[in-house]
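We just call them A, B and C in the order they show up, numbering each chain from 1.
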Amino acid sequence: MDILIYGMVNSFSLALMAIGFTLVYGISRLPNFAHGALYVVTGFLVWSFLNILKIHYIFAILLGLLIMGLIGAFIYRFILIRVRGMATSEIIATYALGLAVLEFLRWKGFKGMTYTLPVFIEGSVSIGGTPVDLQRLIVIGIGIIVVAFMWLFTHFNKTGLALRGMAQDEHAAMMLGIDSDWMAVIAMAMGSILAGLSAIVLLPLGNIVVETGYNVLILSIAVCIVGGLGSWVGAILAAFMIGFIQIITVAYIQSHFHMVVALLAIIITLILRPSGLFGRQKELEERV
Amino acid sequence: MDKNRVTPERRKERLDRGIKVRTEGIYAIASWEEISYLVLPRLLLIVGLLLLPLLMPSLYWKRVISIVSIYALLALGFDFLAHFVGLVSLGGAFFVGTGGYIAAILNKAFGLSPTFTIPMATLAGAAICTLLLLPALPLRGVYFAIVTLMYPLVLARIIEALNILGGTDGILGVAGFPSRWIEQYLILLIIILALFGLRRLVNEDIGLVFRGVKDNDQAVRASGLSITFYKAIAVFIASGLGSLGGAYLSHIYMWSGISQFALDFSIIPIAATVIGGGGTLVGPLLGCFILVPVSELLRAFGTLRIVFYSLILMLFIMFRSEGIMVYAQRKYHQFERWVKV
Amino acid sequence: MSQEPILQVNKVCKSFGGVQALSNVSFEVSQGEVFGIIGPNGSGKTTLINCITGFIRMDSGRVLYRGREITNKPPNRIANLGVTRTFQIMRPYYSLPAYKNLIIPLFSPRARQSGGWRGGGKLGDRATVSIDILEEIGFERDSFVPYKLASSLPTGYLKRLELARCLALRPDIILCDEVFSGLSMSEIASMVPLIEKLQMDGITLVMIEHRLRELFRVANRVMVLNFGEKLTEGVPEEVMQDEKVKEAYLGSEKLLDYMFEA
């Protein structure tokens, strides 16, 4: 029972982290190595709204998400657009950006125990004899909402459909009058908002530490590769696989193997099925 | 007003200089001028490198030269992989850490002297790195970057968590070099050899194969060559350079620890390559000799150094700068003048 | 000609997503013949070549080369056995001069083993060997054409460069993906004798083609594909008269005639 519940919580956390990364990659083929940095930045933003500006919690969250969206759009509009299409430069630019942000936060002294976000609702319930605090249940709830929203958005909204068109065939979409750059701006903005949202939901479970940024990046990449880069259905499934395996290793072997699971998952996927669980046909030909 | 302005009447004309001597395969060495035109830059570089330790004012700055050289090895490896084979490695720290730990273990557990540990760590480190990166090699795209990014982070985490290999303290009491002069001149010789060796390599036939792998992998496969094999060779070379640097580092500091997996080793070589001029092999070297001493000056600012590099790197990438060395080479080989149309 | 088949393709199937690109395609090619594969656009011709040479994994079916299984082997292994291909969209190394393009295939195990072009012993200087090959394929040796960057060569030469890349491997079979397409009439006129010469040299050719008239001049036998299925196979004259073939080309006899004229 423990494993089931904590596995669920862990899986939804991973799905939340990864969905932003996979969205951006799926739509505009940009590997956003600054994803982890965006996650941590949200944490600090909301923290400073709460503790320095003394804004109400809900407004702090909304403001934080709004700013994240703007940051995402800004990153694309001013940085990535210049290097679009040059794979090496895309990788290096996002990686450098992520590093700059994270290490700047580290230098500013954002570390240690002092920075935490409040939980949404205090308290815990007991499910089948296992005590679970409400925040963890909220993680599951928000996870489901985000997944459902993503599905509805990409299937019934014009912008969402355009995004899906971009993801499937950029050139065909451009010929149908979809602005590739504008879509990428939207994708980056949404990706950043999703990174921010996952931070707001997940960070109350622990402290805000710079290291989290690297962990989140690694975990979301692991999830995306196992699920198939750019496929968000695959990402959700992969989040469940990795999530449960992680919890099982933590329960039966040792908690340190947490990260090793992610690394091994990537390696095994690359060896057995490089296109991931749900990689599209195009990715199948990636193996050279 | 602006001297460089292009007007309808004026344009910039570029003329290649000394094209005769630079034409590949034809070694028309006709006069002293042409010989010196070719040899002088190389000579300047070698003599300059060899004089450096003598010019350094203090022991501290002499040590910095050794550190610069280690970064230079990494940067050479990065440039080689990125611009000649098409693999972007975000994990220079992975190579350094592997080499460093292997050298330290060989020295502590088997009592081997640096004469043996460094070559052994180079080869073993290269082999291990290549083996661990092998799953990413048959694939195109971002996989190699992702996997190289993950290894140093995760390996450091594992060593820390399991408390193996000395845990957070690292391996202490590794043997040092017999003398400071050996320490410095050996590494300087190594980088000169690595530089000219790699230059030779990329201009040989196998260098063409590497370029084929980078630009046109399907055609290489249709030509009957295994892409994975040639990528593995390239990764072996680059990770060997990195491991060599790592092993050297262990012996310089007489210590090997988690900080050898630190981000500095990943980001500085990339920044040095981009700033110095990617694809020139000399450029990254130059970049290191600019960036690493600056890094030493900024030591007081802690991790702000990394912010500084990352931002510079990003700006260079954003504005698609060609890098110092590419610019310098162009200026060296060409006359430029304004002509009236 | 026609002892035992050099290439046997047996019931190859391949689907992309829900689309059946190839279903149960079988054919045999004998040593030394020119085997043409024709069919309307989207009938799976290029996919077939991709499957045979290992660039795409086929779902089911077998490919035998001289009785040896090469099904779904990696492309480089297949090329090293002597089964080479050209690409429809030419893939030269644009940043290299034409003659350096051939240095890469000359680096392959097969080229090293067979030891140089037309002559035993050691593989000499790769550059000279590659110029020999280029001359053979119609690059003028004494001109500057072999030294030009591939990016500045006209289509006709790029098509030849594709063939030359195969020749550098000293192949037994070349699978040509539309070598005539995109060429002017005069370029085609000089390409046809080249194909004939390759056949004389004992190389088996499998040619995918849209230019039926030129193909029928050189081909010994022709197979027709439509929607991933094999319609018919036979000598060109028979195939031309086949009702199913006429139907496949949009059901219009005129179109078929037009294709011959074009």
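One rule holds for everything that comes next: a contact is a pair of C-beta atoms (placed from the backbone, for glycine too) under 8 Å apart; a residue touches a chain by one contact, two chains touch by 3 or more.
Values in this document were obtained by computation on a predicted structure and should not be read as measured data.
Centroid distances built from C-alpha atoms place C farthest away from chain A.
When the interfaces B-C and A-B are ranked by C-beta pairs in contact, the top one is A-B.
The centroid of the Cα atoms in chain A and the matching centroid in chain C are 47 Å apart. Chain B and chain C have Cα centroids lying 42 Å from one another. Centroids of chain A and chain B (each the mean of its C-alpha atoms) stand 33 Å apart.
Each of the following residues of chain C touches two or more other chains: 55. For chain A, no residue reaches two or more other chains under the stated contact definition. Shared interface positions of chain B, i.e. residues touching 2 or more other chains, are given as 218, 221, 227. Taken in their complex, chain C has these residues touching chain B: 53, 55, 74-77, 79-80, 84-85, 87, 91-96, 100, 103-111, 126-127, 165-166, 168-169.
Residues 82, 86, 88, 90, 135-136, 138-143, 145-147, 149-151, 153-154, 157-158, 161-162, 217-218, 221, 227-228, 263, 267, 270-271, 274, 301-304, 306-307, 309-311, 313-314, 317-320 of chain B are the ones that touch chain A when the two sit in their complex.
For chain A in complex with chain B, the residues that touch the partner chain are 31, 33, 79, 82-83, 87-89, 91-93, 95-97, 99-100, 103-104, 106-107, 214, 217-218, 221-222, 225, 229, 256, 259-260, 262-263, 266-267, 270-271, 274, 286-288.
Every residue of chain B that touches chain C in the complex is listed here, in rising order: 25, 205-206, 208-209, 211-212, 215-216, 218-227.
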